[in-house]
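Below are two complexes that have chain A in common, paired first with chain B and then with chain C.
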Partner chain A sequence: MSSRGKKILLGILGALALILAAELIGRLGLAGKAWPAPSDAIFSVLGNKLNSALLFRSLGATLVSAGTGLLIGSVAGVAVGFLGFLFPVLRPGLDQTASILNTIPLVALAPLLITLVGPQGMSVLTAALGAGFAMFVATASGLLAVSPAHSDFFTVSGASRLQHIIRLSLPSAVPSLLGGLTLAGSGAVLGAVLGEWFGAPSGLGVLMISSMQNFQVKLLFVVALTAALVSLLAFYTMVAIQKLVGRRFA
Partner chain B sequence: MSASGISLDRVEKTFSLEKRKTFTALKDVTLDVAQGEFLALLGPSGCGKSTILRMVAGLEEPTAGKLAVNGRGPRELVNEHRLGVAFQDHALLPWLTVFQNVSLPYQLAKRPVDKARIDDLLELVGLARFRDAFPRQLSGGMRQRASIARSLVLKPEVLLLDEPFGALDAVTRRRMNLELARIWSEERTTTVLVTHDVEEAVFLAQRVVVLAANPGRIRHEEVLSFDTARTEGLERTDEFHHVVDRLTRMLDAS
Partner chain C sequence: MSKVLPVLGRILARGWPIIVLLLAWDLVAVVNGYTDLLLPRPLSVASYVSNNVAKFAEPTFITVALAVPGTILGLAVGCVLAILVWYSSILDGLITPTTSVLQAVPVVAMLPVIGRLVGYNEITVIVIVMLLSFFPAFVLVLARLRQANGSSEDVFRVFGASRWTTLARLLLPQAVPGLLAAIRMTAPFAIGAVILAQYLLSIGGLGQLITDSIVRSDTVTVWAIACITSIVSIIVFALTKRLEDRVAVRFK
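What follows is the complex of A and B.
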C-alpha cells in the first residue's frame, strides 16, 4: 500500500475509533445526561420534523453569513495585503494592526463591533475578520515569494515595475493565496457561528445558544456536529481547488 | 576603451559584511571581449566570476572602475532589451508553457511576438515537440535548452551564460555543450560563459580567462585556436588535452 493510502486508512480508523468511543460513553451513560450517544442524537433530531427544519434553516443562515463574510474578508484581506506590497512604508504598520486585531479575543472586541454593525451584522463581520486575516497574511507573504532567479530574469529582460508585478509577483503569489483560502474557508464558518452568538436572528450559533439554555442536549450535539462538518467541508473544498489550480503555479 | 564589445577597466567590487567588515570579491579586473567573441571565465568557486557576469548584466554595480557594453552602461542595454542571459537555475516560469516562456522576452519588450522565430529557435534547441509542455514536465537538460532559447529569442547584442549546465550530469552536459557550440555557430552573438569546468570552457570558447580567488583577479588568458571545428572529435585531440591539462593545473595551484 502506498504511504498516502496508509495515511488515509489510519485517519479513517482513528475517526471510527473516536466515534465508537463517543457512542459507548453515551450508551453506557458514563458521562451522565450531558453526553448523548451520537447515533441516538442524530436520529432523534432528524426524525423530529420541527427540529430538523429548524436545523436546516439555521444551517442556511450560517452558510449565507459565512459565504458573505468569506467574500468580503477575502477581498479586503487581499486588497490590504496588496497595498502593503505596493507601498512598503505601510507594511510594518499593517502587519502589526492585523496581528493585534487577530490576537484580541473576539469576546473583548464584540461590544465595540456590535455598536459598529449591530447584532445582525455581527456574524458576517466576524466571518470576514476570520477570513480576512488569513487572506491578508497569504497575500502579503505570497507577493514576496518571488524566486530570486525569476526576479533577476525580469530585471535583465528590462521589465517595467508593472510587468514585474503582473507577470511575476501575482502568479508567484497564487500558491500562497490558495493556501490562505483553505484557512479562510473554515475560518469564515467558525467566525459566522461565533458571531451569531451576539444576537443574530437565526443561524447555527443562535441554535447552539437556545438549545443550550433549554437543555436540548441532543439538538446542541447535532448543531455542533453540523458546524464542524460544514467547516471541514469548506476546508476540503478549498484543498481540492488548491490541488486543481495550484499544481500549475508551484 | 573600445566602443564595441564588453570592456571592464580596473573594475573592483567589494561587498559590505556585518560590523563594518568588507569583502573584496574582485580587484583590478581589466578585460575586453570583442564583438562576436565567445569568452569563457574559468575559476574556482568564490573567485568572483559570477559577480563579473552580474555586473555586465547590470544586476550589480562595480565599486570602482569602468564597465561598458558596446560603449554604454549595462542598464542601457537592458532597457533596450538587447541582453540575453541564461542562468544556472533555468528560471523558467512554471505557469507558462515552453512556447510562452520563450515568447516572454517579446512581451517584456512590448514587441509583437514573432512566432516563426520562436518555432525556429525551439527547432534549433531540439524542443519543437515540447512547445506546449510545462517546465515541470521536462528533464533538466530540456529546461536549460528552453532557457537558452529564451535568452536568444530577441537576437541580443550580448549573451551571458552563468554555468547554464552546472546542475546537469556529465553525459547530458557534454551533449549540451555540443548543442551550444552548434547554436552559437549559427547565431555568433558576443558571449561570456561562466564555468568551473575546464573542458567546457576550452571546448566552447575562443578565449579562456582564468581567475584566481581572494581577492578575485585575472590570473591567465589563453587564446584557443584549434584547427578542428568545435564538434564531436575536438575533445579527443592531443592539443585539446594539453590545453585542458595546463589550465587544470593552473586552477589547482590557485
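What follows is the complex of A and C.
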C-alpha cells in the first residue's frame, strides 16, 4: 500500500476510534447522565419536530450573525491593515493595539460592546472582532511580502506609488489574505456563539445555555455538535477557496 | 529634556490608539451626559478601584490562580502527545488527523457541555483551559521535534545514540522554543477562558463578580473588572513574551 493510502486509512481509523469511544461512553453510562450516546442524541433531537425546528432556527440565526460579522470584520480588518501600510507612522501603534485587543478577554469587552450595540448586536460584533483580527494581521503582513527584485523592477521602470500598490503590493498580499480567511471563518463562528451568551434573542449559543440550564443533555449535545460542525465547515470552505484561488498567485 | 522627548515619542508611537480609546470613552460619557450608572468615566473607575482594592484583589487572585493548573496540564498533555507521535508513525497516523480536525472546534463554546459533564465547579474551568492550551503545544513542539538539523543528528547516529538518547539530549532541548511559543500563545487566553467560565457557571472569581454586579446594576464595578482583566491579560502576554525572548535564545 502506498504511504499516502496508509496515511488516509490510519486517519479514518483514528476518527472512527474517537467516535466509537464517544458512543461507548454514552451507551455504558461511563460519564454519567450528562454524556448521552451521540447517535441516540442526534436521532431523538432530529426526530422531535419541536426540537429540530428550534435547532434549525437557531442555526440560521447564528449563521446570519457569523456571516455578517465575517463580512464586516474582514472589510474593517483589511481597511485598518491597509491604513497602516499607507501611513507607516501609524503602524507600530496599530500592531500593538491589535495584539492587545486580541489578548483582552471578550468578557472584559462585553460591557463596552453592549453599550455600543445592545445585546442583540453582540453576536455580529464579536464575530466581526474574531474575523477582523485575523484579517488585519494577514493584510499587514501580506502587503509587505513583496519580493525585493520585483519592487526594484517597478522602481527602475518608473512606476508611480499608486501603480506600485495596485499592480504589485495588492497581488502579493492575496496568498496571505486567503490564509487569514481560513482563520477568520472559524473565528467568526466562535465569536458569534460567544456573543450570543450575552443576551441575544436566538442562536446556537442561546440554545446551548438554555439546554444546559434545563438539563436537556441530548439537545445540548446536538447543539454543541452543530456549532463544531459549522466551525469545521467554515474552516474547510476557506481552505478550499485558498487552494482554488491561491494557485494563481503562489 | 533631550532624553525625555525620544521616550515620549516611543510611547506615543506605540500607544496612541490606547490614548485615543481612553479619550473616546471619556468623551462618549461626557457628551451624552451619562451617569455612572450607565457609563462611568475612566477617572471615576480608576478612583473606585484604588478605594476598593480589597474588593478586587481576591477575585483577581482566584481567577489567575485557576488559569495556572489548566495551562500546565494542557502543555504537558500536548508535549507527551507530540513525543508519542514523533516516536511512532502509527500513532502519528491515528492521532494527527483527528487533532487537526478537532482544532477547528471552538473549545470555549463547548463550556456549557463540559460544565454539564464535569459539574459547575473549578474542575470544569481547569478542563477548558487544558483543552485550550493543549493544541498549540502539540503542534509547535512536534514541529520542533521534526525540524531537520542535519549534522547534529548525524553526529548522534554515528556515535550510536539510541532514539531516546537523541530525543533527550538533542530534540527536547531543540523543542523548548516551541513550548515557549505555545505558552505565549495560550496563557493570556487562559485568563479570558477562566473568567468566561466563572461568568457563565457563577463559580467565584472575577467572572462571578461580573454577574453579581450586573444584577445589582453596579456598572462601575463591571467597568473596573473590564479594565483589570485587560491589564492582567496584557501583563501575562508581556511576561510570557519576555520569557520567550530571553530563554528561547539559549536553545537556538
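Just so it is clear, the second predicted complex is superposed on the first by the 240 of 250 C-alpha atoms of A that agree within 3 Å, B and C clash if a C-alpha of one lies under 4 Å from a C-alpha of the other, contacts with A are read in each partner's own complex, and residues count from 1 in each chain.
Please note the rule applied: a residue touches a chain if its C-beta (ideal position, glycine included) is under 8 Å from a C-beta of that chain, and two chains touch if they have at least 3 such contacts.
Everything quoted here is computed from the prediction, not taken from an experiment.
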Partners on chain A (chain B, chain C) - clash or fit: fit
Contacts of A:11 with chain B and chain C, given as first, second, both or neither: second
Contacts of A:170 with chain B and chain C, given as first, second, both or neither: neither
First, second, both or neither for A:35, with chain B first and chain C second: second
If touched residues of chain A are counted for chain B and for chain C, the larger one: C
First, second, both or neither for A:99, with chain B first and chain C second: second
Touched partner set for A:117, first chain B, second chain C, both or neither: neither
Which of chain B and chain C A:75 touches, first, second, both or neither: neither
Which of chain B and chain C A:156 touches, first, second, both or neither: first
Included angle at chain A between vectors to chain C and chain B, based on C-alpha centres and rounded to the nearest 10 degrees: 90
Touched partner set for A:144, first chain B, second chain C, both or neither: neither
Distance in angstrom between the closest Cα atoms of chain C and chain B, superposition on A: 20
Chain B and chain C footprints on chain A, overlapping residues: none
Contact set on chain A toward chain B in their complex: 147, 149-150, 152-159, 163, 167-168, 171, 174, 248-250
For the chain A and chain C complex, residues of the former touching the latter: 6-7, 9-11, 13-15, 17-18, 31-32, 34-35, 89-90, 92-94, 96-97, 99-100, 103-112, 115, 186, 189-190, 193-194, 197, 205, 208-209, 211-212, 215, 217, 220-221, 224, 227-228, 231-232, 235-236
Parts of chain B lying in touch with chain A, wherever the complex brings them together: 57-59, 78-81, 83, 85, 87, 89, 91, 93-95, 104-105, 107-109, 134, 160
Parts of chain C lying in touch with chain A, wherever the complex brings them together: 13-18, 25, 38-39, 90, 92-98, 101, 104-106, 108-110, 112-113, 115-117, 188-189, 191-193, 195-196, 199-200, 207, 210, 219, 222-223, 225-227, 229-230, 233-234, 236-237
